[in-house]
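Consider the two complexes below, in which chain A is the common component and chain B and chain C are the respective partners.
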Partner chain A sequence: MNASYTYAVARPFRLDLLAGLRGVDGAPVRLVRHDDLVAVVSSVPDTGFDERSLEALPRLAEVARAHHAVVAGVAAHTVTLPCRLATIHRGDDRVAAVLRDRYPRLRAALDRLAGRVELGVKVYTEAGPPAVAASGPPAEVPAGTGPTAALGGLPSNIHTDAEPPTAGSPEAARSGRDYLRRRRAEQRAREEGRGAAHQAAERMDAELAALAADHRRHRPQDRRLSGAEGEHILNVAYLVAADQVGAFTAQARALAGGGLRVEVTGPWAPYSFAPPDEADEPAEDLT
Partner chain B sequence: MTELTTRAPQAPAPNLADVLERVLDKGMVIAGDIRINLLDVELLTIKLRLLVASVERAKEMGIDWWEHDPTLSSRAIREVER
Partner chain C sequence: MSTAIAEPEVTLVDLLDRLLAGGVVLAGDLTLAVAGVDLVHISLRALITSLGQR
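Right, the complex of A and B next:
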C-alpha cells in the first residue's frame, strides 16, 4: 500500500512546468485537485517511511532536500503554501478531503502570499565576544609589579582584616581586587557591546520590516553549533514582494557594518508565513 | 492558467541547516493520517547544524558525541557533508 506525501498546497499550475521534478525517493510528483486548489503529492510506502528512519541524519537530510526541491519548484510557478516535512495521508482522496475541509482558510492564506516570497536575514556580530584582557588570574601577576603597584595607597580592607599581613599579601589582595575590577569592567564592556549590537540589529529589523509585508522572528542559531563566525543575534524571515527581492537584499546588505555582518538567504517559498498550527483548533475526526 | 505569479529569481542551493530550519520548524501543519513524530526538532536541528556546519571545527572544540551515537556512523557524517 502506498500513502500520499504532501509537499505543498498551491493554486493550480501545469504539472509539466516541473519538468519531471521528482519527490522523496525519486517518486514522480502529481497534483490532487479540489476546486481551484491543488496539493502537490507523491507516493511513499506506508511502511518504511517512519520516524525511526528519519532520526538517521543522512536519511533526514535526503528527505528534507527532496521536500524542499519540490516546494521550491512549485513556488517558482505559482502561489505556494509549503507543508511541514512528512505530511502523510492514506491516499489522494484523503488529501482532497483536506483541501475541501480547509478550503476557505487555504484560499485566504494563498491570497495573502500571492506575488510574495520569503527572504531570510541573519545578523551576526563581526567577531566573537571581545577577548579577555591579556593578564590571567591574580596568581599569575607577580606581586608588586602589576598595575596595582602604582595605586599603593588604596585601602585594603577586603581580604586582609582577618589575618595579620604577611609579606606580599596586601599586594596579592590588591592584585586580586584589581583583577576582579578589571573583569567587571571587561564584562561591562562586553555587555555594552552586546547591547549596542542588539540595538543596532533591532533598528535593522525595523528598517527592513518597513519594506516587507510581514516578518517573523526565528530563534538565532547557536554559534557553538552552527560554526558561524560571530554571535548570531538576529534571525528573521521577511515576506517581500517578488519584484522587490533585489532592492530588499541590497538594503539588507547595506545595513551591515559597525561590527555587524548580514547574511541574506532565499528567496524561499513562504515557509515562515504559513497559517497557524492546527494544534490550536479542536481535533477533527478524520476516521 | 490565470494565476501565475511573478517568478522568483532562482536562488543557489541553500545550505542544509537553513533548509532544515524551515522544513522542520516552519511550514504549514496539516494533521496527516500517518503520524510521523520527528525527533525533537530543536535537538535534531542542533545535531544537524553541528554536523553540517563543520565537523572539523566541532572536533577542535572537543564535541564528538556523534562518535558514540549509533545513528551517526562516520559514514553517515561523510554522507551528510557531501
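Right, the complex of A and C next:
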C-alpha cells in the first residue's frame, strides 16, 4: 500500500515546469487539486515512515533534502506554502479532502506569501572571548606558581629559584588574591560583553523587522552542529518582498561589526511563515 | 527569484530549523511527532554524533 507524502500547497502551476523533479526516495511528483489550490505529492510506502526511521541521521537528511528540493522547485514557479517535514496521508483523496477542509486558511496563507520570500539572519559574537581591559597579560595559572610568573607584572615577588613562595607565605596569598580578582574581572567582562552583544542583536532584529513583512525566531544553533565560530545569539527568519532581497541582505550585512558577525541565508521558500498549527481542530478519523 | 531559491549550498542545520519547526501542518493520517521537541533532540544528538565521526 502506498501513502501520499505532501511537500507543499501551492497555487496551480504546470507540472511539466518541474521537469521530472523527484521527491522522497526518487518517486515522481504529482499534483492533487482542489479548486484553485494544488498539493504537491509523491507516493511513499505507508510503512516507510515512522519516528524511528527519521531518528537516523542519514535518513532524516535524505528526506529533508528531498523535501527541500521539491519545495524549492515549486517555489521557483508559483506561490508556495511548504508543509512540515513528513506530512503523510493515506491517499490522494485524503489530501484533496484536507485541501477542501482547510481551503479558506490555505488560500489566505498563500495570498499573504505572494511575492515574498524568506531570508534567514544569523548573528554571532566574534570568535573568542571579548577583550578584557585588565592590566597585564591573562594568566592561565596563578602568578608565582608557573614559568610565566616573571611575566605577571610582579617582579618584586620573584625570589630566588631555590626559595619559591610557599602556600602560606604573604607572596602566595597575594598572588592568589590577584589571580582570583583577575578571574572575577574576566568573568564580569565576559558577562557584560554577552549582555551588550545580546542588546546589539536585539536592536539589529528590530531594525531588520521594520524592513520585513513578518519575522519569526528560531532557536540559536548548537555550535557542534553548525561548526560556526563564536556564540550564536540570534537566529531569525524574515518575510521579505522578493524585489527587496538585495536591499535587505545589504542592510543586514551592514549591521555587522562591533564584535558581531552576521550571516544571511536564503532566499528560502517561506517555511517559517506557515499559518500556526490547527491544534484546536479535532483530529479526523485517525487510525 | 527561481535561481536564487534553488541555491544549492543549504546547510542541514538551517534546513532542519525550518522543516522541523516550520511548514504548514496538514493533520496527516500518519501523524508523526517530527515537530516534537523529543525527536528534534534525538535528531540533534544523531547529528552531533555523525558530525563527530567525520
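The rule we apply is simple: the second predicted complex is superposed on the first by the 238 of 287 C-alpha atoms of A that agree within 3 Å, B and C clash if a C-alpha of one lies under 4 Å from a C-alpha of the other, contacts with A are read in each partner's own complex, and residues count from 1 in each chain.
One rule holds for everything that comes next: a contact is a pair of C-beta atoms (placed from the backbone, for glycine too) under 8 Å apart; a residue touches a chain by one contact, two chains touch by 3 or more.
Please read all numbers here as calculations on a predicted model, not as lab measurements.
Once the two complexes are laid over each other on the shared chain, residue contacts for A:198 go to neither chain B nor chain C. Of the two partner chains placed by the overlay, neither chain B nor chain C lies in contact with A:22. In the superposition on chain A, contact is made by A:242 with both chain B and chain C.
In the superposition on chain A, no contact is made by A:33 with either chain B or chain C. Using the contact criterion defined above for the overlaid structures, shared-chain residue A:76 touches chain B and also reaches chain C.
In the superposed model, A:3 lies in contact with both chain B and chain C. In the superposed model, A:107 lies in contact with neither chain B nor chain C.
Looking at chain A, you'll find residues 3, 6, 9, 46, 49-51, 54-58, 60-61, 64-65, 67-68, 75-77, 81-90, 94, 98, 102, 109, 117, 120, 218, 221-222, 224-227, 237, 242, 245, 265-268, 271-272, 274-275, 277-278, 283-284, 286 touch chain B in one structure and chain C in the other.
Contact residues on chain B toward chain A in their complex (touch as defined above): 1, 3-11, 14, 16-34, 36-39, 44, 46-51, 53-54, 57-58, 61, 63, 71-72, 76-77, 79-80. Of all the residues in chain A, the ones that touch chain C in their complex are 3, 6, 9, 46, 49-51, 54-58, 60-61, 64-65, 67-68, 72-73, 75-77, 81-90, 94-95, 98, 102, 106, 109, 117-118, 120, 216, 218-219, 221-222, 224-227, 235, 237, 242, 245, 265-269, 271-275, 277-278, 281, 283-284, 286-287. On chain C, the positions that touch chain A within their shared complex are 1-7, 10-35, 39, 42-44, 46-52.
Within the complex, the chain A residues that touch chain B are 3, 6, 9, 11-14, 36, 46, 49-51, 54-58, 60-61, 64-65, 67-68, 71, 75-79, 81-90, 94, 98, 102, 109, 114-115, 117, 120, 218, 221-222, 224-228, 237, 242-243, 245-246, 265-268, 271-272, 274-275, 277-279, 283-284, 286.
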